[in-house]
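In what follows, subunit A forms one complex with subunit B and a second complex with subunit C.
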Partner chain A sequence: MDILLDIASTVLLVTGGFFVFVGGFGVMRMPELYTRMHAASLTDTGGAALILVGLMLQGGFTLVPLKLAAIFLFLFLTSPTASYALANAALLSGVKPPCRNETGKTFPGEPPVADGPKQSKSSAEKRTANKTVAGKAARKPAGKATRKPAKKAARKPARKKS
Partner chain B sequence: MMTIVFSLFLLTMLVIVAVAILRTDNLFTAVMLSGIFSLIMAANFFVLDAADVALTEAVIGAGISTVLFLGALALTAEHDHSPPVGSWVPLVTSSALGGVIIFATLQAPRLGDPNAIVHKHVAPWYLENTPLLIDVPNVVTAVLASFRGYDTLGEVFVVFTACIGVMSLLGRVRPRGELIEEGEFDKRTDNLRHHLIPRVVGKMLVPFIVLFGLYVQFHGDFGPGGGFQAGALVAAGIILYSLVEGGARGRELVPEWFSGMLVALGAFTYAAVGVACMVMGGRFLDYSVLSHDPVHGQHLGILLIEAGVGMTVAGVMITIFHAFSRRGIR
Partner chain C sequence: MEWVYFGTCIAILVTMVLAVVRGVVGPTIFDRVLAVNMFGTKTVLFIAVISFLSGRPDFLDLALAYALINFIGVFAVLLFFQSRGVRRAAEAERDAGK
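Now for the complex of A and B:
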């Protein structure tokens, strides 16, 4: 039984280490921010999860696996959120994801909107984001609304383009 | 061996990050890098078995001071004006100072040397007498709260004074019942309110951060932790709430008069315990007289003064954050 646990945990730890390594490699090698973030998120979720589960198996019936599980839960909540916030901040500050045009050449810039099937995800996201902003501003009670929605839209130049 | 490799790695990272901080002229980048610096430093403290210090450094250095720096950045420009290049005075000054420090380290004992002066002086006495006199497993807490209670009282009043200094620079604490408005930093971080994911996740984490803070507060006798770390953790939870919900909502949750009162109340609690000891026939901050049994009295005294420390630290952090976040209201 012990040897089985040991084997399982070693396999998990090695796989987790591999994920971390691949993530680090990806951060070095990927061409631009969003793909790099994709690589980094591999470390955050896949690598960390596998390593933590591997360590939990090593812990045995003590308080240690429970603590590791708490860390696991914490990481699973926070690191995707951090990735989201980072990507969002990058998009708002005007870092464009690279896109492919008809000739198959990659370039950084606005995704092509004209042809339907090629419509990229980010422009759709932008539109929904804009909607939420408008909805939130409209729903706000009049008495407390010291913020001005018009002013806010002006502070987000990247969003207005879509 | 493993420790040495790990320390070497961490110290190398520290040097790299420090050079990066110096070389960047974007202050935002510098703030983020200084957060990373603190986190590496915390890991370094942990490698050196100083878990209490590591916890403090992680919470205050990497967490709260980053937020406070960002609050300051929201009020100023994002780019540094490049200092004049070519002056030899800074070079000479820093090389001379660096030389003195390196010369001083030559005299220092080696890492982990059992014959070092610190291990020969009062440390053995503390280790020997803590189980007899105070009977708490964490010797650090015993030294900090009881043997060296005067020093910690001084530290609490330093924090208290620092808070008064910052508040006198940034503006007064708003009294109860005054209108809650938004400052410049609130407007900058206002974007966060409209992002559902950080908002939901952030709000979900706040109770657990506060709970962990309370655990660190009351478990300080047994494990790493105590009032300083706990106060900073609780404040971090409330600052997180203010960041995801907007500063105005944060000031509704913990009003400024309340956090200001907490600062004074904590320092008062600490000093009052000292006076209570005198009233009950002991010396100032000699907790043994607080209860029928000296050891039990020590436990009670440590619990009370740690609560005072926690209140002051949490109050100071929240007050300073609020002061930054509502700055710009006229």
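Now for the complex of A and C:
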């Protein structure tokens, strides 16, 4: 029984250490803020959970596993919350993720990525029209899809002018 | 078992060093906050593992207290920088409108 517990906690601790190290490596090497946040937040929660459970198995019937469980519960609740708050704060204060959708455009209102395709003049209107067409066509059956988006695309610029 | 604890300690320490490097290098302020948050979480784990390595379970109370302090501290710093960023964006918009 003892050796089984030892093996289980060894596996958990080694896996947790690996997760933690991968998180640190990702934070060091990832190209920009949001990808770094992704690496950090996932491995923070996962690695901490693995290591704490691995230690819990070694505690025996004392107060130690309870304390570890308290730490585990607290970290499990607060680590994603802190990551969310960090991303929210970064986005609100103007750090935009340099993402690119399927048409090669960047975030709305941003200049295009350097090696992406060139943006035309009325790209914003085209993009909204494209989006509605794509969204509707995916949901509606084929017969309706040809009629409805056309109406929507025609209505859209009129509303924009007013 | 000691060797496993020791290896986990080394992994956590290396990660802490990487987090510190990111905190020093980090181009935006949020990279630094991210690094500090990560450092705090890793400190909690490190204290927990050290308490098993040295056979002193009292250290777990310290780890719990550190987790609480870390969370509150990161939130306080984030609130401060978030309001600053929003204020600056509003000022820039107003200046552009003039």
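Just so it is clear, the second predicted complex is superposed on the first by the 100 of 162 C-alpha atoms of A that agree within 3 Å, B and C clash if a C-alpha of one lies under 4 Å from a C-alpha of the other, contacts with A are read in each partner's own complex, and residues count from 1 in each chain.
Methods note: a contact is a pair of C-beta atoms (placed from the backbone, for glycine too) under 8 Å apart; a residue touches a chain by one contact, two chains touch by 3 or more.
Everything numeric here is computed off the predicted structure, so don't read it as measured data.
K.L.:
Is A:49 touching the first partner subunit B, the second partner subunit C, both, or neither of them?
P.N.:
neither
K.L.:
Could you let me know whether more residues of subunit A are touched by subunit B or by subunit C?
P.N.:
Touched residues of subunit A are more numerous for C.
K.L.:
Pick one for A:40: touches subunit B only (first), subunit C only (second), both, or neither.
P.N.:
The second partner, subunit C, only.
K.L.:
Report for A:10: first if it touches subunit B alone, second if subunit C alone, otherwise both or neither.
P.N.:
second
K.L.:
Have a look at where A:92 lands relative to subunit B and subunit C in the superposition and call it first, second, both or neither.
P.N.:
Once the two structures are laid over each other on A, A:92 reaches both partners.
K.L.:
One more residue to check, A:84. First (subunit B), second (subunit C), both or neither?
P.N.:
first
K.L.:
Overlap the subunit B and subunit C contact sets on subunit A and report the shared residues.
P.N.:
Dual-contact residues (subunit A): 74, 78, 81, 85, 88, 92.
K.L.:
What residues on subunit B touch subunit A, complex-wise?
P.N.:
Residue positions touching the partner: 181-182, 187, 190-191, 193-198, 201-202, 204-205, 208, 248.
K.L.:
Using the touch definition from the top, list the residues of subunit C that touch subunit A in their complex.
P.N.:
1, 4-5, 7-8, 10-12, 14-19, 21-22, 28, 30-31, 33-35, 37-38, 41-42, 44-45, 48-49, 52, 57, 60-61, 63-64, 67-68, 71, 74-75, 78-79, 81-82, 84-86, 88-89
K.L.:
Quick check on the complex: what are the subunit A residues that touch subunit C?
P.N.:
These residues of subunit A touch subunit C: 6, 9-10, 13-14, 16-18, 20-21, 23-25, 27-28, 33, 36-37, 40, 44, 47-48, 51-52, 55, 58-59, 62-64, 67-68, 70-71, 74-75, 78-79, 81-83, 85-86, 88-90, 92-95.
K.L.:
Can you list the residues on subunit A that touch subunit B in the complex?
P.N.:
Touch list, subunit A to subunit B: 74, 77-78, 81, 84-85, 88, 92, 129, 132-133, 136, 146-147, 152, 155-156.
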